[in-house]
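Structure below; questions to follow.
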């Protein structure tokens, strides 16, 4: 039994974590933290939890969190997270960090894309990137895991087998993603106001989205040479789900069969990656920790389609998967 | 040709007014006003208007508006509207007021439901209520028209023929409305944040909604005796549209045929009310100024269903219909 | 461990049952049946189940089902179900029937509302109605349970405490329901074709919906006197969820506090009914077996709001709850 | 005044045509044809038209159509259209054909992509392609216009200026489109059943969609050299709208400024193309005949985003624009 706390529990990833962890037989949620006036009961903020969990959203210091929990799931915004995580680690707590703060290995890349100096640069490059399909062994022994971004999860899982096998050119890979609105978080703004984004599709942050360097970095590590993606996210009128379409140029002639074999064998033992022959819909993985992947050849290009639930495999489900690995619980506990 | 201005042009009713008025051959939009930093071009606020209208959203005094326009469509919030409208009228401008400020005839009722003293109480009770189907003659000669609320429009049009004919009990009428999210306006808030209200239905302000006294008042006038409604609005995951279901008790035995005859003859000459035999969907009147109505008898009760587009017949379309009446243009101009 | 089969596994309630039962530690799904060409793998029909369950959708006789399973969840259409269920029972299998065939106790009422003679009239009136909150003891010893309709579940749970306490008039109760589209099943038709029902609300089968006599019958049993509801379902553009608003007339003066006490004490020990002070949204119970209920007094009427997920508490979740009761498993297993 | 008929009036493009043409001061709709049992009134099939148009959907021969109308908008399925159109032309009627039958110039390409022999191969290659922005002069004198496909309209308008200017490589252009569900037509099927496609994104017909050769052909004509696109359509949970993202490789170094200048000057005099600096949403052009286009450079690639309403600029609006050109009416009549 592990006592866990959630820091930043008022948002969507916090809510999803609670729901998943309530199903975990080896977990006791002992504290929820967020900065809200009056330290409201969690069910006031998340009415779906009425009768499920009797905790308040408290304003807690790292020391107070450490007194109550062995492991903290940190759902704070980037920039803030890296000011708190070091204190938690110092207090002997393990941390699964859902922010972007520990994903990049280079402080200068972080500064360039996040427009701020990293608060804890010394740790960068030494933190396990929480994509078990690629880094399970590093995760296993870690006290801090950087949970991947939602778009990178969908793109990396699709492209890694092809890059690892040297089948595609590492430069100029097109990553065209379609995401539900929950990825934008729970703070109301005009772009996510219902009558603005409903019945509409739009692209945003083309070429400037902060998940770009994360994809570059992890895919470069996999490929063993510099990878550069052109990344375009699109906002779709649905709550949850990401479908990512990638387009790449093969390095040599390759059949669809060989591509499927490559991807299938890469994920042969993975409990949460499903390589499927049909074109998957995001609804197939909605509410699950699965990533569904397929691949096609079209006129000399390679096209992959991958689908995840952005709040689960793209955030809170992956976080629990990482937690299970860190604590040596069966990897799928609470996730099937 | 009439020169018109729109005050409060940054919201959804403002946008809809502009779109309708751009189709009006006898209208020139000469000014748009709202209080926005930097007085942005209207197409910056409403990208759908790019290339359609070359005006800025200016901060304009009533005097400045009067210098530019003969008629002002006032889309300000209640409470604010009644502080500006008197100045516009004094300056010789005609006003179609889309706020709630001049709909009620009694300042005390206003104070009780809107939690504030009315800024211009002397005018209450003397303003035409802009539902042409009931008050066309009063509207015709008016310099100020109080444009009806969206829910009242849907409920009153359904119930008026039955109350007028003395067919139903005036007390305890149930009005159960279902509305799209645009009715909540354009300011982002948690309840209208996409992932909160999408894939969900909820009731709000049951028994406390401010459109209640408006329905009571107008229906009482029609019935010639006090009418009291129990009004429950529900928020539906769609952009636009209101479907209102009413339940009432007949005063005597009455067949569906007689009910249809009553409603049909009441609206025989109305260009924007369609009495239909089937159960209408809000989509049938989406983007139009129509109100579709049907009626049923069920186990000794009378059920009506009425549908409108809340931004058109429920707001901006009705406003232009009123404008056409005031200025003696054919009533359907720009609305078909 | 209980071996179970699902008959009619290609539809939405079948899929939902599979998902819930896969989480049940005491259940083994041993057979899936439906009449599909080629007896396809379940994951071909429900791609979300890829990697979860390795069974085909077979065409199986009652005898074959009985050979493989101790309990059959029957998701066949009404009229068909009652031709198969007797054979299953004769073969010694227990049945949770999700169709409407065994809900009504009177063959003539069935014939009148379902336009067909009941195939197994002798059993009517002797079958437990699977609403544990009202009939737990009858369910416990049953070999056949009639799983309730989705609308009746939402309406009965809201009204039963008030009728039981004699607080409201039993005649003329208004039941105005709003449902997501999955309630219409998985067979494509024009009314549920996306561009027809999206961005639209409509009423259907007003006064003629087949769940009407079901509500009447169960509520009459609870009240101890004849209850008659006026039932209006409305189709809402969302996948899942039912919100039911009821309007009734109190028999004596009663405060909101007393109403809340009545409802709360009625459900004091129920694991899946949550009496809430706020106005619940269907999203609060989405994906769960909960029913959220609140109550209001408005101008001398009593208004209740209740929300369920139509596929869970309104169908497959309730079915598993009934299964747990019949087999004496803890009632919430696989449902939290 | 021109008398027009619509053949295939029961579908979405037929409905949209009717709505647009009802606003056209120089058009009289004299006949609606479709093959429906009982020749129902148009308002029975399209309830939104109640009170707007008093015609039946008749089963009419080409000769009967020719007797009633000077111009026929043909909304028949591909394959069928080319068996009727020749008879209409022979009878002296002008035709705007919304099917795919006359878009391709090569019967063999048609046979390869549409899996059938072309019924009227002799005419292929001689029919004006109804994209006024590229082929206005050919359209002007035509008695038959091939109205473009919805995806090709969005992709060609974005890419034509760049190909014409020789700025991008003509091979390997990625066209990633996102479309609302109405593009799939009005016949119910599982993929467009609400609970299947709502809250979900999926790709379909990747590399095999029939609009591929249409894009190739028109873009090749514009470029003066063979163009080949990799086309991936995606189904989005919304009624209407297409957003197309293209990715291409520049032939030489080029700035975003130069790209904007190229596109802007290409469309300088076009009433329905808006080159915008921001990333457009499909909602900006919803319900209009506009195509909004922007362009970006990202890591040495050129990205374009273009948005249209698939039923208007992608079908019925374009058809009326073509009609206006053919009949020498001002091009924007009924379309603003």
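For clarity, chains are labelled A, B, C and D in written order, and residue numbers in each chain start from 1.
The rule we apply is simple: a contact is a pair of C-beta atoms (placed from the backbone, for glycine too) under 8 Å apart; a residue touches a chain by one contact, two chains touch by 3 or more.
Only a predicted model underlies this, so the values are computations on that prediction, with no experimental measurement involved.
The interface with the greater number of C-beta contacts, when B-D is set against A-D, is A-D.
When chain centres are set by their Cα atoms, the one at the greatest distance from subunit D is C. Subunit C and subunit D have Cα centroids separated by 46 Å. Subunit B and subunit D have centres, each the mean of its CA atoms, that are 36 Å apart. Averaged C-alpha coordinates put the centre of subunit A at 39 Å from the centre of subunit D. The residues of subunit B that reach two or more other chains are 180, 196-199, 237-240, 280-281, 283, 286, listed in rising order. Those residues of subunit D that touch subunit B in the complex are listed here as 22-23, 47-48, 50-52, 199, 274, 276, 278, 280-281, 283-288, 290, 292, 336.
By the touch rule above, subunit C contacts subunit D in their complex via residues 12, 180-182, 186-190, 192-199, 237-240.
Of all residues in subunit C, those touching subunit B in their complex are 172, 174, 176, 178, 180, 196-204, 206-207, 228, 230, 232, 234, 236-241, 243, 245, 247, 249, 279-283, 286, 296-301, 303, 305, 307.
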